[in-house]
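Handing you this structure, nothing more for now.
All chains are identified by letter, namely A, B, C and D, in their written order; residue positions are counted from 1 within each chain.
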């Protein structure tokens, strides 16, 4: 980040984004997401050498939803290593994120750990490894972000009530023998994980290890091996945006992950991590303004890894 | 490439690869491919600052097949710009490379330009743009590699005889209105393109512009815009290896493209391009030994872009 | 049945079937089905004018499984009339009986009431109509067969333990809004229904109303309208044998329904109903010997309705 | 037909149909079909004992299109016998009639001979059997209808120009090895067959053999075996109306086949054959008024075979 004044780039983008016509819509399948103010907008960029720049609602916590799948994946991968890939693939799905077609076709092995089915398998793996998987996941994330993480009980309970598609997915995988624990227990852990709340600032800090070869900059702790950090980035790049992963690679050129709460995290390996939050989603379920922001940030700073 | 002695890394890998048990099989759907010696093996690495290192059969020409799709894509993109994406997507396919299912589901718009259906659309686009598309493509490629390109007439004719799946694909797209020219003419151009022959040395040089921000190092000519060079790399990363794109990103971490002739090209943006050739293919249709070589090269040199 | 001596035809078939090499396998997904003797074989034919002929284990009760779907359908249709078809179609499925693909594609509306998904919708409908749907179904069936029906508690409990595919199906439909009641309650009723046990004699008698224009011959009660009786026969003809419905129409030419317990019922409208039982199933999940028997019976008596 | 006055039933239906609101649309993919007057309506019923009744434009020839598939099937089946089924199945398709999905999934073996893919295989079979398949087919049909058949050259040429979907289907099957002859030759024969023109009177007479156990009533010639006549009826019943086969069985309860020219033929085994023509098609590509007519005819005469 040495040669570029990120804060002035940030200001420039904010200025230009004022004219961005946001046709997205806030997620409404649970009341807790529906009632978030659609105008919220926050950005936080953290450099691997400690630089920071930010704007807007970067300190306000929001529901990170599917972004949490990356934490769960990192924790499972750290503990299971390569054997994890006998349970879930690393290929992009090329299908809407809830599709059962592919899962049935591929005998209950989800294509990757960032679609719902794959994230459910990761949860199942963590339940098999840990006595208290919820505590372990919390501790892992808190270690990364350097502070306490919050889980939203209302979101958790609401998600559980609307669990039918995920219940279909997990029962199908159970029928194929790819879920080892009780389906209710796995769903419970999955929704718990999805109810995590973080601010852009916290998210950006928590993902910095993926920009820093698996090491937490603050504590210098090698959390996951360098090669595994790169591999998780590779998975984020090819699978992190449902049916828009190719477009994100094309337009932004950074590994990343989005959540239905309107958050997006992106990682520039060796340089920075950036979190952006804007609740209105495009047709593919990704933050419309967040996508646009990252496209502009990447273009103006030449950040694309390609 | 400054801090690493690539030639000694290369020697080290060749030494270790001696124990690699190659279970792949040479492509046999046309006699011209079937009769290639399965033991052929060549590598050529070209740095953006002119460095070169190589081994084995790096000077022998082979059928580059689908690797040629990247040249056609670059030429079409250079001439059409973003409007190209109304005819073909940039999303990974998540399905075997010949599948008609997705094409039918998505109304004749192929998911990306590196699967067969998408490459046929690119050919159709070039036929609409140029009076002599074959000559234009040759000239484009010759400019990149700095020498004459060869087309193998026997391969061309053989491919045309076994064109049924591609004929199915193009007729389906024609039915959806996404092929503007005569289907026979498009197929003819497509198979012409696929019959291109190059050596590892030539391939590596020809792809160097994608490692060099769209500029041909030798002539300093800005062949395609920097941002478009990055975007083609992004497409190679997410779509370049059929149903193994995710695994290639995971294990190698470089944009690339494979061909059924056993060739693979990979690009390390800002640093080098590498071509490897080994005719025996794995179950996904990619060179088995070539994939292994690139995994080792990336690991030993820390080349992953992630 | 006037001009044909069915008993001697029956004897003739039994004689010829002695040479039938039965490559089928007994269903083994639950222990209660797996332990049934594979050599069991029974047949019972009942004519609309009271004729009867039979052979083998025709008095032994077996698990009728999916055959029960026809009873549930008849009861729901009797009460709902044509409005039932807003919830489930009448088209053959053309896909293996558990497939989720089609269900997802068609927004949670199962193609017909004789595949699992459709039968679950029928159960949901009955739960909405009746305070005690289990009692109502029992009473309906008992009225048809003229005696008490038996439900096997062990089968019921075993099925519930292996409910994952059906749980996937019902949750997917619930997500699409096509299940109105609690998914657990519907599954419970569904497995209860499937645990019904009847003998060939009882089955044959219970299905006689479909050969008798909707009227129970014994009591002369018009149970369902003539036209609806024909319509249920039409549904059995096009949808009664999963992915073998066309072949059953082709070879046997009678409406019918099979169950994974090895039972098959077939109806010759205006003439007779026939139940056959042989536990070993072919690759499509239908009784291998039962299919052969019915093909021979139809050929020898010219029973095909076509 | 003894106990029922079909002519007065016919008159009654015509009277009631006056209020039928026909929302269908005339096929428009080729000009020759588009220019047919949408108000045309004709019916012809022929009894196996020589009875006839008719109304409207029953003497006007129209493009029978897919109805011709039944003639080709009967001719191929007569010559090949059961071995035909190694090339094409007898199962309903459960998918729109042009879908390539199922064909790809099932390795180039079409599900039945009445969808386009299956009819192409039948054409391929006839080309392999006969030196002059067009002449043989003409002779076969002329023998059935007792007079000269007409092929419309303009329809034939127009169809060939819009052959893309069928070209996709046949090339895919060729890739799977299920087309033995040149694809162009098979397509040519297929479109020739589809360009057959007949009146309701001629169609009804030509299909009478399927109501008469395979025997032509006029000449008493046993054209196909009784059992094979029944089997073709069974295939018509389960597969004759694309994605509306189940509904036709449900509502009409007779084997039949429709064509995109607005014709429908239905067979009441042992009793009569009926042809109806009304060019406006419903969403499934079947004559809207024709379907309604047959539903009423079946209900009023109790003709359903179920």
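Methods note: a residue touches a chain if its C-beta (ideal position, glycine included) is under 8 Å from a C-beta of that chain, and two chains touch if they have at least 3 such contacts.
Keep in mind that what you see is a predicted model, and the values were worked out from it rather than measured.
A.B. asks: Between 0 and 180 degrees, and as a multiple of 5, what angle does the rotation take that fits chain A onto chain C by Cα atoms?
C.D. replies: Angle of rotation between the two copies: 180 degrees.
A.B. asks: Just curious, how far off is chain D from chain B if you go by their C-alpha centres, in Å?
C.D. replies: 48
A.B. asks: Let me have the rounded angstrom distance from the C-alpha centre of chain A over to the C-alpha centre of chain B, please.
C.D. replies: 31
A.B. asks: Any idea how many Å lie between the Cα centroids of chain B and chain C?
C.D. replies: Spacing between the chain centres: roughly 55 Å.
A.B. asks: Residues of chain D that contact two or more other chains, please.
C.D. replies: Touching at least two other chains: none.
A.B. asks: Based on which chains touch which, is the overall arrangement a line, ring, star, complete graph, or other?
C.D. replies: Graph shape here is a ring: one loop, exactly two partners per chain.
A.B. asks: Name the touching chain pairs, would you?
C.D. replies: After working through each pair, the chains in contact turn out to be A-B, A-C, B-D, C-D.
A.B. asks: Over in the complex, which chain B residues touch chain A? Could you list them?
C.D. replies: Against chain A, chain B makes touches at 89-95, 102, 111-112, 227, 230-231, 233-235, 237-239, 243-247, 249-250, 253, 255, 269, 299, 304-306.
A.B. asks: Spell out the part of chain C that touches chain A in their complex, as residue ranges.
C.D. replies: 99-101, 104-105, 163-165, 167-169, 171-172, 174-175, 183
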